[in-house]
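Step one of this worksheet: look at the structure below.
Chain IDs A, B, C, D, E, F, G, H, I and J follow the sequence of writing; residue 1 opens each chain.
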Amino acid sequence: MVRMQVNLPPDLDPDLRERLVAAEKEYSQGLQREGKIAAIWRVSGQFANYCLFDVADHEELHACVSGLPMFGWISTQVEALSRHPNAIG
Amino acid sequence: MVRMQVNLPPDLDPDLRERLVAAEKEYSQGLQREGKIAAIWRVSGQFANYCLFDVADHEELHACVSGLPMFGWISTQVEALSRHPNAIG
Amino acid sequence: MVRMQVNLPPDLDPDLRERLVAAEKEYSQGLQREGKIAAIWRVSGQFANYCLFDVADHEELHACVSGLPMFGWISTQVEALSRHPNAIG
Amino acid sequence: MVRMQVNLPPDLDPDLRERLVAAEKEYSQGLQREGKIAAIWRVSGQFANYCLFDVADHEELHACVSGLPMFGWISTQVEALSRHPNAIG
Amino acid sequence: MVRMQVNLPPDLDPDLRERLVAAEKEYSQGLQREGKIAAIWRVSGQFANYCLFDVADHEELHACVSGLPMFGWISTQVEALSRHPNAIG
Amino acid sequence: MVRMQVNLPPDLDPDLRERLVAAEKEYSQGLQREGKIAAIWRVSGQFANYCLFDVADHEELHACVSGLPMFGWISTQVEALSRHPNAIG
Amino acid sequence: MVRMQVNLPPDLDPDLRERLVAAEKEYSQGLQREGKIAAIWRVSGQFANYCLFDVADHEELHACVSGLPMFGWISTQVEALSRHPNAIG
Amino acid sequence: MVRMQVNLPPDLDPDLRERLVAAEKEYSQGLQREGKIAAIWRVSGQFANYCLFDVADHEELHACVSGLPMFGWISTQVEALSRHPNAIG
Amino acid sequence: MVRMQVNLPPDLDPDLRERLVAAEKEYSQGLQREGKIAAIWRVSGQFANYCLFDVADHEELHACVSGLPMFGWISTQVEALSRHPNAIG
Amino acid sequence: MVRMQVNLPPDLDPDLRERLVAAEKEYSQGLQREGKIAAIWRVSGQFANYCLFDVADHEELHACVSGLPMFGWISTQVEALSRHPNAIG
């Protein structure tokens, strides 16, 4: 699970911003279709998200995250998750 | 999304600990079966978890969390989530 | 505005806990009826609240807060508020 | 409840600052008239505020906050609130 | 009591810096002569100060602080103070 | 300037608490009469205070603070202050 | 990589402490011999260590860490590591 | 052990970035070949690393770290490590 | 350089406290006479100190610090220091 | 004792940087020769230092620190120190 805080400066060139938002969408949806991003949520009231990855190992995790078009503007917090003993199904 | 850190003292009476663990499991699985807990993950290497709630409102969220048998030993961080614009499906 | 985090230990004597909860309710509702507490909200998922005081000065604020039956178990964060220039009505 | 810290740089173009302040006022008062902002307070001594939202869900909360004309310059802290058991009236 | 940390960038235009320092001095001394600033101390080794206000209410506190010529460059921490029961005289 | 947060446990023996409060008052007022404590304020809403010392040096500061009857229960933050260039009178 | 801070209370029963230290040593060396702990270092001046795990996945990581005889007294910080592009050999 | 967080601004001149990345690689691999860097790991999901130095003393540690081509953009956390009593081999 | 915060509980058995203080003094002065502690200062207003060690390596540092009679009650922060290029003499 | 973190931006004009480093050296060595700086150490792996001042009072401390040629780029943490009861010689 990765919490990502996006810090695009408010005076960023509008064209660049638009291109970044579009590229981010395409990249994120690609990873979702490949099943590497299992789920993604917006943090309400912030330019931030939680992203649940389903990848083979930490190498693939790093490749996915560092490949984000907005990676240079993002602060991440990574938590290693595992199956909870109380989880059903 | 609620991150819960469980702080059971290591010298807790073993019977109480066992009863708490069992009650927590029953309570948590009940909420999962009702669909109020949509997902739950263990934070690897910690007595902690991430718990994704799917409830009607903040009243129900509070009722679910404060009803946890271990609630008195748990520190919580709550993040309000919403649909991410890039989410598919 | 005061954020209060209540730290009642989970092994507190149940009678004392019950008396504290009852006394807190009576005290809090008394201040609400006098108009000194203008509003109070539960922080969802925590034994915590936000309390909006409407008092004459900081002396009265301190008297109200330090008079809480649970004051010894409460950590507070106080923020001085004033009218917002954009507020209507 | 959302605490917002506004970080307009002191060397911001004065025209842009003026337009932002005016747009923020209009936007905020619109949400107040619609009842989506139930209350707003200035944090004394800071360019910051507490804003109490009364919205249907987290989607609407995010829409309201991310629509703020100054959103790009604001750091937010969001707390999910619910009714306090001791609240009267 | 307000702790103020002043963050003038070291590459600020020297004329602007000089004008700000002079305006700050005039403003601060005006408030001192009116009795609204009861005392002010430099934090040794920092571009920071503690400022003790003696004002009617939080509105006046905000007006005084936000009127500082350097307000845009200052981070503040505000603590509501009251008379100490052990204070003499 | 010393900020003191007092952490007396709520289940402290009432006699000990009473003796500590009385001893603290006597000690504090003694230092005030000697002029070593120039001022003391209660932090509203907390069992905490700001205490302005006027002592010869850091040795005397430490002697005054560590001599407090409640010293073992107090967390302190010390800030070295000096005359502010804008102070009048 | 897991940073572990051990918080054994200084008044712990000496026999229990001795048994815990011995059990920890046996457990840790067992994981080292199995190759699941690739390396372990003492943090100088603290009852703390860095522990580099070489395990199949997060499930195994959690099993190893939560199986520590001192787990109930340990605070952990977990960082997911991967191969560094500049690493040789 | 040094944790390094690299803060290259996303709008850094691409040529400079490329030169820095290349110089960093050469420098890092030189230290590895000399045995002064015993190991280096990427922190997954961040532009950060852990670097284990094997140097004669703190002078050499500082020389190695401050000589990094990206040193001006790096925030470091340094932990002094020693042999763990439970380490084998 | 090690900053040590001593957390002796105020209700510690007075005899134990006295023995700890005496043992700490003897131990500390022994290390000073051997030259392993080059200097030690009290943090004014706190039960804390800064201690400058002059030891062969991190093993010896850990041996010195963990051998403190009060080690179990002390929180430490360790900073690796080296010669400053501007230091004279 | 003052801990100073120097935040010179990596893209600072090289001439200005050189002049600042030279001026800092001259200033620091002047204070050392006058005995106002009793000792100075580099924090290994950081552009930071610890500086032990031996001055008459907080006014002189502030004058020394705020006179540093790099003062505008430095974040300071000041700790008031006094003689430790266990110090010898």
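One rule holds in what follows: a contact is a pair of C-beta atoms (placed from the backbone, for glycine too) under 8 Å apart; a residue touches a chain by one contact, two chains touch by 3 or more.
Note that the structure is predicted; figures quoted are calculated from it, not measured.
Where touching is counted per the definition, the chains common to chain D and chain J are E. The minimum number of touch steps linking chain E to chain J comes to 1. Rotation angle relating chain G to chain I: 70°, from a CA superposition, given to the nearest 5. Ranked by distance of CA centroids from chain B, the top chain is J. For the pair chain B and chain C, the distance between C-alpha centroids works out to 26 Å.
If you average the CA atoms of chain B and of chain J, the two centres end up 49 Å from each other. If you average the Cα atoms of chain B and of chain D, the two centres end up 30 Å apart. Across the assembly, chain A contributes 42-45, 58-59, 61-62, 78-83 as residues in contact with two or more other chains. Touching pairs of chains, sorted by label, consist of A-B, A-D, A-G, A-H, B-C, B-D, B-G, C-D, C-E, C-F, D-E, E-F, E-J, F-I, F-J, G-H, G-I, H-I, H-J, I-J.
Those residues of chain G whose C-beta lies close enough to touch chain A in the complex are 57-59, 61-62, 78-83. Interface of chain D with chain A (complex): residues 2, 58-59, 61-62, 65-66, 71-73, 76, 78.
Taken together, the chain H residues at the contact with chain G in this complex read 1, 24-25, 28-29, 32-33, 39-45, 49-50, 79-89.
Those residues of chain C that touch chain B in the complex are listed here as 8-10, 42-47.
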